[in-house]
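Heads up, the thing below is written out as structure tokens.
We call the chains A, B, C, D and E, going by the order they appear; numbering starts again at 1 in every chain.
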């Protein structure tokens, strides 16, 4: 007979859930508000959402309690904290992009903001747990919101993107469950740390099955962080969604995916199964290379950035392969630096968003659009150039430091060839970033009309841009602090 | 005086940022003013330079990224001092001669940014900082070539950027590996080159690391067969771009060899001495011959740069004070002379909008001053004694003679071939009858051009006659460097070679 | 013995039905086969003493999901035969068979070395439903709540996506000139 | 005394710089006068120095440090000793006369000022060359005179041939200079200094092999500057320059720098008689070789140029065989009469409106008496007839060869002497006597301006009497240079003198006899030997076809085929490879959802297969 | 006796059928059917493994998978409705605007 169970609130460690709780309450609040009054405007919802996000952020930063909570389901360790901060900061900035000049369907609907907050909550759940179920449900929550939000952009392309993303996401969910099943079958557990423990304890379990489980997990998480060959969605989805959302997608879902991957794969890589290590080696290099060389031939800036984000993901994935705490710190450092640069780049695209596709039948942001931008709008062109060079890894701009740190981590861990591959890939990547700079600076403008490049610009966007560019240029000045923070938290949580 | 180095490094970029606010009409004057101030700052640096110290001086050192051991570390010694002055001087002079009207503001800003990076490269002693300036220097140059060049400028700019960038990424890996090794041995993260000088590396590691650094420097120099970006870059760049590229940016590569490759990897450097010398020799002769075949005046000078850089490499790898000092002196002399030659080509290009030699002929009679200055620079380029060109070439070749006289002799044919292509250029363009009607009304140099060229002529002759103030600090710093190398060398044969290279006598 | 017979019967039926789902050209057949397959899977659940899940399976899938699909089908008017132009069929077969063979090969072997200690063992004498309830409201409470939110998200999304508001396009309605002055 | 040294050295430089300021301006007479005066001052102060220098006192000053690096220290140091003062006096003397002469000669040239600037610059360089107290100083002067020679040969730059000849001279010299540089490097790395005194003091300690290398390398340099075979072609082509230039640079001074180098480095060559013998042999060869080309040439200046070559050969024989003072002596006397000859030829050229073909002249004696006399004096001196200067120096050289038992060399020189006499008088006869062909061709020759003629008389005087200075010269120079011991019998010596004089006289006689009657018939021109000689043994053609053309072709090949099509194309290919690979990987992204899903499944499938296949790896 | 392996094999086979369907189906609606098969296949496995270990986690996982499947259906249908309204087709090949 079932005995009554009594659990002390203390043991539940409810504060560990407080951050997510705030968001969920916020989201529901927005929905309710929308039901009650129809007067909420775009700026109102944006600011309200950002308020909730900031509240959340404050709580996350201020949380120094137990790592475990809610029956050990929740795990708020160092990397969870860092990744939540990244998620929240990024969300806040990208949500600001809703304050654009043009009106867009999605931003006029309260549901968008609710979904946005739900999505963030989903990602947060992914990061604060090592239970495969919670991760799965969190991931699905976030994904479902994201699909909807993409579709809410209300263009045919957006629908296409959403459907593609959704369908592939469903397949990835299948992979995820299959992988979990195999792990479960192997170890009888669905908690990552427990899985790892049991694999170590159990000598004669089928290694092939372990590998198979890993493979399905690579398929599932690889889809999220766009590892080749699970990357095919990336360019299409970026192209289909608004620049603001595309930029967001290049950062947040991936960092959530990376945290899960870090938790899971590093536990597996620690098992010293050579096959997994080699497979990761191949995947890292394939992802970097395919992303880079495909980006070389793109005609659209957003699409190019999509491929470039694949390459960056591959670059960062190497941290998981390397697996030292230096590499893991490098991953977060890289992503923070990458975030601000990408924020800037996508903000520029967003600002130049025109209601019609003036330059190309298909693309909103083809390279030719930026021809001679330096003459038309030198300020914007200069900023974009900074972002491009930063992404290319030209020192002293922000992403360079991330690359430096990651390559250094590779070298320090003895992955010399990996380091060389990483370095060579950054050399290839230079071309396509430079291509945009060349279009902007070295070519003559097609028309002198300045206004078409700023139809979507507002002071808010300009502020975002200024923040991004300041961070990109002066990254070297505060990297020390960021790095100290990251290293402290990463080592604290044992990665 | 405490922060003079930072001032010298960052003054142009700060001033360049201010230039955004200056209106286009007066921005050229603003640029010149900044360049003059910067030049005087570098002169102040020189005045404050203590000739008695052969190591680093005016050190500015504080930690920038402590987790990573990266610091802000600037210092100057005899090797870098004059390269800094060369950079500021050539920038100033190039701005004097600037006659571009289009987007002048952007150009001035780009040039000032470039100046910061160039000076930064020579003054950074933290290698990450060095790498930072090294890479950052590509960006303004990309812009200068790409925006103000001639028809194929974009191709040339891309090629320049990609090639040099790709070359240096391996160096980055090498740098990080060195940092790792330093950490392994000492337990401290440091990227300060002076710290690295203390580290003795096993031979096979030296070979690999030398290779990683080599590619970056070799492409920048550019060494055969990595040189093909240079003719395009020079051929397409506007005058000011070519001047700065030839005068300063190429020197970054050879400076890198002197500052990093030799003292960090002495055994590997000695091990690769002969192969590199052979490459250098090939460079000297091959580039000289290709230069002879050119039809475009600017290309001749571009290839001549390659040829001369070969001699510099040869001197660098002579491993003795004479050779290395000579090669450093030649960096300066080549900077001045090739800069001046590019400027001169710019003068005629501006008047005729062509650089093809067949379009010219007999220019000496319409533009005598131009021809005279050209001739002086030409003589500097072929290394006539009492011009600046001789000393470096002489010392470099002499230095390497101690290592291998046959290679030296073959490379020495460079002085013959140099005369061949230069004189044939001069003959084709300046001598002979004046046939082309378009050339008959050409105007001789104007004030702007004089103001740029006269200082150069003056320097070419002055430093040719009295190189002592420049050579002395170079020589003592190089001696110091060789002492470091000597301390670090681990192989017995390398030690012997190093000893032999630096001693007199002992038979052939 | 009954178990063996039941297993094989159910297996064959599920495989066959799901085969129909993926092969059939008629959406209606396909959907019916899917519903059938779901029920047989519920059968498996019952066999495996997971009564709660079995019931949930039937209710959720056959009840809710299939109903939704049926509505969808009616909306899309796909009751008649669907024509699909499938390109490079060989690739599909190869890949599917490859995965099948690999997975079967991997799982058919002894994948577990020794019996692990269950983390959340079902307690003797406690029914399945109780057991599930116990776990759902203790250990997996957070997940349960999150699932609720997920369903809320799905609901909002579903409503939103088919609502009239999605037919509007605010951007195109904007008039450029008026806006420009504000910049 | 130092101030005289500096005056000697820098007066020409000052003149040059002043003239240079007016280089682009129209003619200013005073630039000519000023530079001439300054060179004259230089001459006078060198005379003062000549008086100052004796057996015990030489002047050695260090002006400043030039290069000091590592162990190397090169100062600007100057030494006035017995050898350099002879050179200084000779150089400044001839220069002064050439300067004055040029005022007249260049009268109508629009680049008058520029000319004097160059000419004085040359004098300065030459003085550096001879006065330096170290090898590098010598090399500076060496290159300096090369530069001035380039500027002066190409003085009329609008003439293609002139600028071509200038470049040829410069480049040929550069080739030889490389050899010299090698020698200098070797000296440095063996001895550690370039100072003459240190080098010569330590040269004994070196291994003889090394010394041989040093000697050979330095001689290569000397060969270039003194236009010895195979570098001889530039000298004849250098006649494109204005005639005073030919007189000063390509006869009296610069080309003798090679001989000066050997004499200067006599302490080195003394140790390596074998190399000396090679030098002598080459000298003897050139003496005959050049003389033979002079026999048939029709170009007034080229004949004299070949004669210069030939005489340089004589000097090298003397220097090579160790008779350094004799070489120096011949150098000096040769400077006098050869410059006189050239300057005379200049007068003729002016008279003939720059026509150089001696076949078109003839009978000019009528219109230019003074010039004819001067040139005849010079020719006699050149032919070596007693008591003219050439006799004393040249005969001594033949004696040396005989004394050395180098009979073959002697014989060559002997033949050379005969040829010299013949071609000299062939020239005199064809220009000044015989039929007045020029009248037919419409020339109206006139004598040069009187001051020009007066300027030449000192040279003529010296051509006649310089020989008698032999004993004092010998006594003066021997303090520094090794003496040469004659072991010949007195009678043999006399016999040699008689023989040489005889062959010279017969050469003259033959020439006079033959050309009085209009010379050889046309038949001689079809002889193979004539063609060979007229075409300079086909050596210029050979150089053109074997070196110049292939060089140009290879250069173009390097550029078009290797640089553009291989090196550059490879780089581009690598770039394109990546780009094209991008085009390939792009096809993954077909945009079709089905295929995107397939890629995902394929990823899983491939990995699973790999997992199974590569199980041993796990 | 039916062991765990039997169930897992069944699960694997059904999963592969699902994959096959996902790859083959061009009708978006029917493609979604296939994704349901994927999830259901895994569910069998989870329950079987849970039973094998005597562990409840499998069932819980399966439970949540069902929940997820249900939500996905809602969103997925919403999306294709949207598409259908816009284009009048639910053929997968109509989603071809973006590529390259």
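Simple rule for what comes next: a residue touches a chain if its C-beta (ideal position, glycine included) is under 8 Å from a C-beta of that chain, and two chains touch if they have at least 3 such contacts.
Please read these numbers as outputs of a predicted model, since none were measured by experiment.
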Notebook entry, point to check: Which number of steps is the smallest that gets you from chain B over to chain E via touching chains?
Noted result: 2
Margin query: If I average the CA coordinates per chain, which chain comes out farthest from chain D?
Written below: C
Next item on the list: If you tally contacting C-beta pairs, which comes out ahead, C-E or A-E? Let me know.
Entry: C-E
Next item on the list: Find the most central chain, measuring centrality by the gap between its CA centroid and the centroid of all protein CA atoms shown.
Entry: B
Notebook entry, point to check: If you average the Cα atoms of chain C and of chain D to get two centres, how far apart are those centres in Å?
Noted result: 99
Next item on the list: Report, in whole Å, the distance between the mean C-alpha point of chain A and the mean C-alpha point of chain B.
Entry: 43
Note to self: Can you compute the centre-to-centre distance for chain A and chain C, using the mean CA position of each chain? Integer Å is fine.
What the structure shows: 27
Check: Rounded to the nearest whole Å, what is the centre-to-centre distance of chain B and chain D, using the mean of the C-alpha atoms as each centre?
Finding: 36
Notebook entry, point to check: Mind pulling the chain A residues that touch 2 or more other chains?
Noted result: 133, 137, 140, 144, 147-148, 151, 163-164, 167, 171, 185, 188-189, 208, 212, 235-236, 428, 431
Next item on the list: Quick one: which residues in chain C touch 2 or more of the other chains?
Entry: 86, 91-92, 95-96, 99, 102-103, 106-107, 109-112, 116, 118-119, 139-140, 143, 147, 150, 153-154, 157, 160-161, 166
Next item on the list: Could you check chain B for residues that touch two or more other chains and list them?
Entry: 162
Item checked: All chain pairs that touch each other -> A-B, A-C, A-D, A-E, B-D, C-D, C-E, D-E
Item checked: chain C-touching residues of chain D, taken from the complex the two chains share -> 594, 598, 601-602, 604-605, 608-609, 611-612
Item checked: List of chain A residues in touch with chain E within their complex -> 132-133, 136-137, 140, 144, 147-148, 151, 156-157, 159-164, 166-167, 170-171, 173-174, 177-178, 180-181, 184-185, 188-190, 235-236, 239-240, 298-299, 303, 362
Notebook entry, point to check: What residues on chain A touch chain D, complex-wise?
Noted result: 163-164, 167-168, 171-172, 175, 207-208, 211-212, 215-216, 218-219, 222-223, 228-230, 232-233, 235-236, 273-275, 278-279, 290, 293-297, 428, 431
Checklist line | Complex contact set, residues of chain E against chain D | finding: 19, 22-24, 26, 92-93, 95-100
Checklist line | chain D-facing residues of chain B, complex | finding: 159, 162-163, 224-225, 227-229, 231, 286, 289-290, 292-294, 320-322, 325-326, 362, 364-365, 368-369, 372, 379, 382, 384-386, 390-391, 394-395, 397-398, 401-402, 405, 408-409, 412-413, 415-416, 419-420, 423-424, 427, 430-434, 465-468, 471-472, 474-475, 478-479, 502, 504-505, 507-508
